[in-house]
Structures are given as C-alpha cells and as structure tokens.
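This is the structure I want to talk about, given as structure tokens.
So that you can tell them apart, the chains are marked A, B, C and D in the order they are listed, and the count of residues begins at 1 in each.
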Amino acid sequence: TTKEDVKSESTASAASAGKADPNAALKKGLTVGFLPKQVNNPYFTSADKGGEAALKELGSSYKEVGPSSATDTSGQVSYVNTLTQQQVDAMAVSAQDPGALCTALKQAMSNDIKVVTYDSDTKPECRNAFVSQASAEDLGRTEVQLLAEQIGYKGEIAILSAAQTATNQNVWIDFMKDELKDPKYKDIKLVKTVYGDDDAQKSFQQTQGLLQEYPNLKGIISPTTVGIKAAAQYLSGSKYKGKVKLTGLGTPNDMRKYVKNGTVEGFELWDPSKLGELAARTSVALVSGQITGQEGETFTAGDMGEFTIGKDGVISLGKPTVFTKDNIDQFNF
Amino acid sequence: MTVTTPQNTPVTEVPKSSGTRLVDRVFKMRELAILAVFLVMIVITQLGNSEFLTEQGIKDLLLNATILVLVAVGQSLVVITRNVDLSVGSTLGISAFAAGTYLQGGGNAVVAVALAVLLGIGFGLLNGLLVSLGQVPALVVTLGTLYIIRGIDSIWVGSRQITAADLPDGFVDFGSGGLSAVPYLALIAVVVLVATAYYLKHFGSGRELYALGSNPEAARLAGIPVRKRILVAYTFCGALAGLAGALYLARFGNVDSGTGNGYELTVVSAVVVGGVVFTGGSGSVYGAALGALLLTSINSVLPALGVSSVWVLAINGILLILAIAVDRVVALRVAAALKKRNARHG
Amino acid sequence: MTHPSEAGPAPVLSLKDVSKSFGAVRALRDVSLELFPGEVHALAGENGAGKSTLIKTLAGVHRPDAGQVLLDGEPVLFHGPGDARDAGIAVIYQEPTLFPDLSIAENIFMGRQPRRALGRIDHKATHAATLALMQRLGVELDPDRPARGLSIADQQIVEIAKALSFDARVLIMDEPTAALTGSEVARLFGVVRTLREQGSAVLFISHRLEEIFQICRRVTTLRDGAWISSEPIDGMTEDDLVRRMVGRDLDELYPKQEVEPGEVALSVRRLTREGVFTDVSFDVRRGEIVGLAGLVGAGRTEVARAVFGIDRWDAGEVDIDGKALTNGAPSTAMSAGLALVPEDRRAQGLVMDMSIERNIGLTGLRTTVKAGLVDRGAERSRSLDWAVRLQVKYARIADTVNTLSGGNQQKVVLAKWLATGPKVLIVDEPTRGIDVGTKAEVHRLLSRLAADGVAVLMISSDLPEILGMADRVLVMHEGRLTAEIPRSEATEESVMAAATGRAAA
Amino acid sequence: MADSTLSRARRWSALKRWDSAVGALLIVVLLLSFTTVDGFGNALNLSFLIGNTLPIALIALPMTLLVVAGEIDLSVASTAGLSGAVMGALWNQGMTIEAIIPICLLLGVVCGLINGLLVTRLGLSSLAVTIGTLAAYRGIAQIVLGSDAVTDFPTQYLDFAAGRIGESFVPQAFIPFLVLLVIAVVALHLTPFGRSLYAIGASEEAARFSGIRVKRQKLLLFTVTGLMASLTGIFWALHYASARFDNATGLELSVVAAVLLGGIDFDGGKGTLGGAIAGVFLLGALQNVMSLSDVSAQSQIVVTGVLLVLSVLGPRVARQISVARAGRRAASAPVPKAPTPVS
C-alpha cells in the first residue's frame, strides 16, 4: 500500500452530523474536560482558568487533566481516553500532535462527546471545532510588521521558534515569510530560523548562537512565550541589549521587566483566558446543539459577542493585542 | 594504633620510578585528551566565525558551562563511590524555585543562595540515607527520588513561575555580570572545583571515597566508615545541585515547574565524557568539569558555525560517542604500554 | 573444655565459648582460643571447619551469636573491623581485599596515611614508608603502581605489607602463603619471627602442614565448627595433626599412579605473547601429569590463559590431538576437549552469586540440552554427581557458592571442569587453600584422570606437590621455559635452580 | 521437624522474591480497581490501558535480557523514534508500506549493532554509549523527517495497531506481543543462552573462563534490542497514527523504571521476565486508575517515585527479617548433614 493508494481511497468525512438549531437553549449541568498540552504551563493555566470561569457562569462543571510534559504525546492520548471513560459531555483539547490524538478523539466523538480543539489543532476530521487564538495569518503578518517598524525596515532578522514540529508556529512562520515578500520589506533579510524547543536554556543558547553567527543581526521574532522570554533574558544581560530588537508572542507578566528596561519595545499576544473562555463556550454550544461545527454557523459566546464558524470548523478569537511600555501595566496574565 | 611513618626510615631521596610517571600520565592523559578536543573545537569555530571568541563570546561560553560544571562536580563525587544521583535535575529545579520564591518578596540574595543550598543538602541527605542505610541500588532509589522531587516541585509550583522581573536587579545582574570576560558565576564554579579536587587528593576522607568505590567490601574491612562517606558524597552532590539551582535563577532569571527537567542525562554525560568511571574508584573532578565544558560548548559552537539546529542533536550525540571512544582507545594503548614495561622489570 | 593455659604472660586476645551461625549453617560452636604475646599460634582444620569465621569474629567483621571476645582479659565488643584495628589487631584475610584503582602505597596506608599540617596527606612519606615495607619483605613492587592487574601472589604480598605496617600487637593471617612460593614464604617467616621476638602474638592459618611445624609453637584444631584441641606443636607429628583435623588417618598425600604416557594430546609450539612470555614450547601426553613450576610472576598463568584462549597470543600454535586451536577462543578450546581450572576462583572460577548447581552447570550449557532448552534434570544430576564426588561440603545444592568456605569453592571449580570430561586438563594452583584431606583427594583424582588417559598440566607454587605428582617438570623463568626435568631428576634444588635462572636451560 | 522448617523457609523466600510480590501487587490493584473505580472495568478502558502500555512492554522484553546481562540500552526510544521517522519519510516518498516496514526493522538492527559493537569491541560502558546514541539517533530522526508529521498511513494497518479484537478488551496487537513474550521467556529462562546471560551479568570474567562467548552474546542482545525498538517505533507510529521525529521521547526512562520496579537488578545477574512485565503493567494500570480517579499528573509522578523506592527497600527489609528469623531458627535446629561422599 502506498501513500497514493491511501489518498485515492480516503474521502473527506464530515466530522459532525445532524443539524444545528441556533435557537436551542444552552444546557446546564454539563461537564467539560480541558486537556492542555501541558499542565502547570502558565499559558495553559491562564487559558483553562478562563474556561473554568465561563463554565461556572453557564452552570456547568469544569475539570482539567493533562500530562506534565509538553512532549508526552502518548500521555495526552491516555488522557483523551480517560475523559472518554469518564463520560464528560465535551472536551477542549490543545493537541500536542495533529495526528496522534486522532484515533482517541474519534473514539470520544463516537461516544457522543463533543470535541473542541484550542490553541493547537488536530486534523479537522478528528474534532468538531477549532478555536483559534487569532487567525494564523494575522499573527504571522503582524509580527513581521511590528519588527519591521522597530528596525526601520532594514537589516537581517531571524526567527526563534519552539519545537520544529510545533504546528501552529510553523503555520505562522509560513505567513511571516509570505508577508516578507511584500516590496516594502525588500531591505529586510530573514537569515535563519532556529528552534529552542520551548526550553528556556536551549532557547537561550540558540539566541547566543544567532548573534555569533550573524553579528549584524538587527532583530529576532520569537513566536513562542518561552522563546521570547529566554531571548529577552539573554539580550538584557549582553552587549546587544537595545541594539537587537526582539518581538514575538509573550505574556505581559513575563515580559514586563524587559519592556521596562528597554530590551524589548513591543510584542503581542491574545488573551489566553479569552481563548479558554471561547473554547468553553463553543463546547457548551456544541453540546446544546446550537452549532455542529459546519462552516457558516453562528453563535453568541456570552459577553464576547457573536462568532461565525469559518472553513474547516475554525473559530477565530480575533486580532492579537500589542503590548508596549505604555499599555503593559494594564494587563496581568 | 601506630603507623610505620618515615621517622624510622631514612629520609633518603625516593627514586620516582618510570612506572610512576607513566601511571600519572595515564590519568592526566584522559583529561588532556578532552582538553585537546575542546581546544581544537574552539579553534575551528573561531576560524569559521571570528565573532566567536569576542569578550561576549567567551563570557557566554563560560557562563553556559558554569551550572553544568557545578552539578557534574557533585555528581562525580557520588559516581566515584560507585553510586549515582539521578535526582540532581529535580533538586536543581526545586531549589531554584525556592530561592526565587524567597527573593520575590525582595529578600537578601545571600540568604536565597543559602536557602537553595540547604534544600539541596536536604535532598542529598535523603538520597544518601536511602542508599547508605537502606543499602539499596542507587540507580533505582535516585530514579525514584527524581520522580518524587519532581512531583513535589510541580505540585508546589503549579503553574507559577519566577521571572526576572520578580527578582532584585542586583541578583540578576550578578548572574550575567563578571570581571571583563570572566563571569562571577564561573569564578564560583572554579573555586568549588579546585577546592573539591584538592580535598579529594590530599585528605584522607577524600581518598576513602575512591577506596570505597574501588572495592566496597575491602573498604569495610579496612575500617572505612562506608555509610558515612557515601552520605557525605550525596549531601555534597545535593548541596552543589542546590547551589547550581540558585545560580540558574540568577543566570536565566526564569524558573518554573519544568526547570531542570531531564538535566540528569546531561550531567551523567558530562561525567562520563570526563572520564569518571561508572564502576567507581577512578576519575577526577577536573575531568568531569572538562566534560561539562565540552558538552555545553558544543551547543554554542554549532550555532556559531551556522550549523542548522536540525543537525545539532545528531552531531552532539556523535561527538559524545567519539569523545568516549577516543578516550578509551588512548587509555587502552597506554595501559598496554604500561603492562609491557612492568612485565620487563617485574 | 579446658585449655592448657600456661603460667607466664596473660593472653592478649582470647575467645570464650563463641558460637556463630549463618542461616542454617553453624560455623562455630562454643569455640575457645587464647593467644599469648610472643607466640605464633596455628589454627588448623579442614575446609569449612570455621577458621576464617573465627578470624572474622576476632577482627570484628562478625559479631558472635554467643560467647565473648576478650582483649587483655577484658570482654570487648567490636562494632566493626575499625574497632579491632584500633585495638591493635591486624588481619590478613583469606581473600585479598585490595582497592584495584588505588596505588599499592594507598592500599597499604588507606585510612591512616601519614599527615602534614591541617590533616593533609603526606604523599611522599607514604611512598617512602611503602618502599621500606617492600624492602623488609624483599620484594620489588612499585608503590605507585595501581593494584589492578597484580597477580594473586603480589596481591597477597601487599596484604602482608599492609598488616605489617600496623606494628600490631596481634597479627592474624588467614592462609597468607597459599599463593606464595618458597622464597617469599621464607621472607615472610623471617618477618614473623622478628615480630614474635618483639612480643607480638600471631595467629596463623595454613593448609601446608610443614609450614605450621616450621614456625608455630602451639596449634588449635577445629572440626565442623567445634573446638577439638589446643596443644603445643612439640612432639606432634603431621599424622597426629591430620588425625585431629580429619578425625581419621589419612591416606597418602601424593598417590601417584604410574601410567605409560600415550600420544601427544596438547602441543604448544613457540607460543609468544609480547612482553609476557616468549617462545614457549612443550607437549603433554595422554596419561601424563606435567608440572609447571616457577617463581611468582614467571608467566605460568599467562601461558595457561593464552592456551585456553582467554588472552590472544602473538605468535605460535597450540594443538589438541594434532588439531590447531583458534587464537583467543575459549569456546573452541573447550569443544576440542581442553579445560582450565583458573587460579583466581572468586573472580574467574565461579559466579559467586550463583548456586553450586548452576556454577557446575555453566560448563555444560552446550551439552545438557534437550530440544534447544536446558535439560534441568540432567543439569542437576550432573552437578550433584560431581559435587558429591569431590566431597563439597554444602547444605543445599541450590545455595550460592559465596556461602561456601574457600576450599569448598575450589572444589566446585574443579567439579565444574571435571564434569566436561576433558581430554586435556590445565589446573592452575588446583589445591590452593584446600585442606590436606581434600588435597590428597584432588591428587588422587588427578592421578586417576591421568590413568584414564587425560593429559594434565599442573601449575603449582607448592613445590612438594609438583615433585610428588608430576611425571615431568617444566620450569619457567621470566617468561621463558628454562628447563624440562624428568621425574627421576626433579628435586627441590634442580627445580629452584631453573626457576631462579641459575641453571642452564 | 528440620524438614518442615526448611520448606517453610523456602516458601517464605519465594514470597519475599520481589518479582512475585510485584505480580501479586498487580493482581490486587486490578481487583481493587475493578470493584471501586468507575469506568475501569469496561472493555474499552482495558483495551486503552493495554494498548498504551504495549510500547513499554515491547521494549521491556529485550531490556530485561540486557539488564540481566549487566548492560543497559538507553537509546531504545530514539531508535523507535528513528524508525518511525524513516517510516514516515519513505511513506512520503511513495513507497509501499510492505516494503517500508522491513527496511525500518533492518534499520533497528543496524542501530542495535552499532551500540553492540561500541560496547563489545571497544569495551565502552553501555550506559555511556547509549546516552550518546540516544542523542545521535534522535538527531538523525530529526534530520530525516524534520518538522513533518506523517499521519496518512493505510487504515488497515492503523486499525490493526489501534483496534481491538471484536468488542473484547484485547487489542489486536496484544496477540503478537504475547507471542514475543513467550519467546523471550523461553530464551531467558529455559535456554543455554539465557543461562549464560545470568552468568555474564553476575560475573563477566567467570563467564568468559567458563567458555561462554560473552561478546557475541552481548552483541546479539544489543541487536535484538535494536530490532525490538524499531518494531516498537513502527507500532507507535501506527498506533498513534503519527510519525514524527520525536515519537516515543522519554520512553527509555519509563521502561527502565518499570523494569526496575519488576525487581531486575541493575548490577546484572538477577531478575525474571515475569517480574519485569508485571512491573510494566503495574505502572500502566496505576496510571490508568489514577487518571480515572482524577489524580493529577504531578501526584502520579510522586506515586511512581515512591513505588520505585519501595521496590528496592521492600525486598531489603524482607530479607533482613528472614535473616533474623533464620538465625533464630538455626540456634535451635540441628546442623544439616553434608551429603555422604560416594567415590
């Protein structure tokens, strides 16, 4: 059997069946399980807290399970199984791997459990809907725009990403490259993409290496909270502080110091707690039958307003917020 | 107990036999080999990238090695006694967080370091007690405490994290500062290293660590307080892991529940590359420190040479194997030469 | 139980009604013993009689289950070997206990090195003191050489040097001479006499009875853990002593059977291993026992190792029944019918943590097989059969060999190899540490094997044994064969002359 | 009277053997979970439990043999990752899966052979060597597959690796595992090969002096370990329908922990496969039960650690008790007679 054979026999199967009833009442007393990539990860904790608050408001209960390592895919699969066994009504999953969770998630869906992915998606047929932190396109393009402005549209830049396999980072990086094709960036050269595996020490050393290899480097984009923090820490303790610009995705609490001491001018992020909240509300809407995950369906997510389901069941949170020293003190996450 | 000491032997000149110098050389050889590999690597990198050995570059190189050197020194003491401590990574993580939590409230930096070291000592004692009193295999016990400490750490820390913003500026600056190209942290590591090496060579209890690693049964018969020594080795190892935790905090300014995760493999690699033998009784802390320097430098050299990070891991592994293989071949050659000489004059 | 204690000085160290058990084995039962200053006291008994256990009790290694240890008449309780050492008791254990990674000097002075200011070790003084000790023992060993790779004999010498370095009031020696040849033994006895004259008490164990008669004044015998007698040596004959040990009269120690040698079974041609031995050629015929003599370190063991395939040789050839052996392949040597009883039973002869049964079974892994699986029944009966034939003293065949006494361990090694039914048998120090009764037994066995057509090469440092058993004696000196002496001409003088390189080859 | 004390002693010694204790503990945990934990006993959950534990169990088979022989292989997870990565890369090239699998298995053999040669030819410590190849193999996997995640393997293979037999709790892949288990048990406990492994582990030198081909046996063992690791890698990629370079990361520690828990002594020469497999499934079952009971991942780590510590302290304490008992008994019992010589 070859890849071609498989391709020809596979038909895109719709993940969800049934018909949506936009006016259905929201059910109460549901249990929604949150399964982040890693428990104890501040970002996910913050997201899941958002989910918890929303569920409480909706009269449903929340639980969080998950592996203690962000690369323990088999652990995550076991947790999908666990949630299935516990017969939760819906689960919100941030997938460590787009494919590995599929079998287990399909198993869950066939047991009448609604599956929402958030932050990191799986293959579309393995879940009912994906709550995206911001459209990948927005994120990728705005990061380039941010940095270009800081370095005056001129000079060498590099990317410090997370793991080489991190799905969302890779999509953003593709959009970054696409954005750079615009003629207004003709003096900017992306020299290299390196991977810090979301490990502080490794990201730290990768930053060092970048600066040694490209002494003329003007800027770094790090689309990962761990990476940007490590890079900022290195820059702030080195002679490059303030000279090499750094931007990307980070949390205000992590980056406050570096923004204040001049290492970083500006960076961006969505509010993770909003992401979690939307995931929770989407789950409840799915269970209640307001939506099924088909393109074009709409639903109201409490105070957050109305959302429309896009292609492949993607629901987008909206544009990210840019943090600078002027506004950073207004945020606490 | 009387000892036949030199009082009654003529204090004539002791002829240093040729075998002696050869034996000495065998041991020095291993360290020299690592040093040579290290230097060659640095020179090649410098040729390929003139930015590599700038002041900042040297500082980075030394800073990167510092923490691993400290932990590796502690680990070698334990390995010399024919044991191992796999829990160092967990200990490092939890003591870094403890120090960070204390400093968050704006505490005194010295107290924070002391706190981290004390915590390390505590876990070292726990390991030491289990291994020496329980007389159970160190590998299993410390794999167990690796999990236990890691678990306690994650339960305690949860999703909290300490960031540079929470720490006193002086502390963080100390972590990246130094006397021109020599960081303060590296100075601390060197002091610890030299003191430990001196202790191992020139003090009775230091030699006894080698003895009991070399032949535990004979050590018991020779009246060496085996359990006490093992306990001390573990405690020292824990203390250094704790100290390393505090320095980690100063250096990276960033600690969470994952800090130090998986560090034990790196430490064990450094010790092994440094020629400290896992069956105990031989090796030196200088070797271990060189091993640590070599390993961390590879991680700086490859990016500096522009090697794609995709290749880093593979090259790392292959270099590690080459290092121990070359070391082994050299050692075998020298041992063969030694044996032939001995056979002739014996 | 009364002991013939004499007027004069009080005993410096004594045991009173001491018992000690290991699990179900009662190693000592109500044993008493008195050691007086200025005497060399022998402890005699068969293998497993409890001699080493007694010594370990004196040395604080074991704590007695019942009874007392008395020092200067006062009961003492040693909590460990350190306590006994501090009380002035130096011990040479039966099995060398060295630190292989440390230098000889460190081995000797471990834990009590001469110190400089601030408690730092005085390495120079340690070195000098070691050299002085080596001179006293008349050996040339480099104090800075690591103990790893020392031959058993050299290890034993280091042990002796260590014990002497204490200047102890009591020196206890558990078979210190088992690995030594005549000249080293003579040196050792010289030192022991000096100690005796200085008023030390010495407790001495040896299975070589002539040594006991040579140097000891009184002898205590044990049998099966029980005290049998303590009495002056004067007026005793070897037979008297043997009767006390064994409980019956002994047959001849060297029951040599005359056999007409057959074809050449083992042929070694110009064998050389660089730096170790050179140009060694000899034959061993069926039915022949060939002795291989030499001083310690002459290279005999190395030749045996190379022939068997443990070490590779650099040049030469080894044939068994005319077929050449592969270099460095013990398994092919085994299938060709060669067996080697190695000199270091603990490291080489036995897997100490394995049962007697499994140890003997190890050499039969390729023969006691049914349909590719180990035939457990056959394995057990093979092991039992040989353990019983060699009179191994054990509680259960499934006990691990490290619970056996040294001599019984040696028998297990023999059993393991005899069970393969070898054509050529190389035995390296086959009776080291074996009691007289068993020694005679082993000799009879070797004789019978030879009579059955096995070619035997016997390496031994026990010259009387070589002279008593060998049809021919080969002598090595510094890695070369220096003489081949037929039985009729072999005497202590002729062999020693060749071994020390004084005779023409 | 002496006889009855003796047999009682033997029964006691069988009980104090840690591997039987682990087996007993496993049964107790299973029974308790069946009765008290919701969702544990149903076929689906059990099949999850077994399916997720299979990779560890598969590698534990050769690992046990290695450890008995006094060696260790920490590169197994990387070998598994590498063969998964190669499988994905070749699949992307359009090769047939039937051709890819043998190639990957062969690759595993090569990986194992490299470990084995480094250990036996150069006499390096296997711990050091396999820490090196742990990095090297994983690194090569990264080079081979990069950031790709290959997921579109043929359904019949995926179904086999993830599915179960009918509606029963037995995963389909469990049957081949049982066959491998039987082979391993026979090899270790009943063949001369297995015997010689125990001897090598307990005393390599004595084994060599007994005519055992130490190096060859070890080389064979490392090679088989590589083969099994790559088999696990293939299984992993199919079971989770995902081939990535970082598949099975960290699996080696889980295997080591489980094998240690099963009473395999890392000094070599001791332990049984039964114990090792009981250890593997005990850890798997406990994790499953704890997750179902909402015990957090962090607490699960602590439990694993405590179990490991107990696994070595337990037998030690039991031994001390039994020694003390035997001593008391011996003081009263008559001395067992030595067998009478017949010659």
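Going forward, a contact is a pair of C-beta atoms (placed from the backbone, for glycine too) under 8 Å apart; a residue touches a chain by one contact, two chains touch by 3 or more.
Source: prediction; values computed, not measured.
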Between B-D and A-B, more contacting C-beta pairs sit at B-D
Rounded to the nearest Å, the gap separating the Cα centres of subunit B and subunit D is 30
Here the gap between subunit A and subunit C, centre to centre from mean Cα coordinates and rounded to Å, is 74
Between the Cα centroids of subunit C and subunit D the separation in whole angstrom comes to 42
Residues in subunit B with touches to at least two other chains are numbered 154, 310
By the touch definition above, subunit C meets two or more other chains at residues none
Listed in rising order, subunit A residues that touch 2 or more other chains are 39-40, 68-69, 164
Inter-chain touches occur between A-B, A-D, B-C, B-D, C-D
The residues of subunit C that touch subunit B in their complex are 59, 61, 80-83, 85-86, 88, 91, 93, 97-103, 106, 109-115, 119-121, 123-125, 127-129, 131-133, 140, 142, 144-146, 149, 164-167, 274-276, 297, 479
The answer for subunit B against subunit C in the complex is residues 1-6, 9, 11, 14, 17, 19-20, 23-24, 201-204, 207-208, 210-211, 213-215, 217-225, 280-282, 339-340, 342-346
Touching subunit D in the complex, subunit B uses residues 130, 134-137, 139-141, 143-152, 154-155, 262, 265, 268-269, 272-273, 277-279, 310-318, 320-321, 324-325, 328-329, 332
The answer for subunit A against subunit D in the complex is residues 1-7, 9-10, 39-40, 63, 65-69, 71-75, 77-79, 81-82, 84-87, 97-103, 107, 123, 163-167, 170
Residue positions on subunit C within touch of subunit D in the complex are 21-26, 65, 224-225, 310, 330-331, 333-334, 340, 342, 347-354, 358, 361-363, 365-366, 369, 372-374, 387-389, 391, 393-396, 416
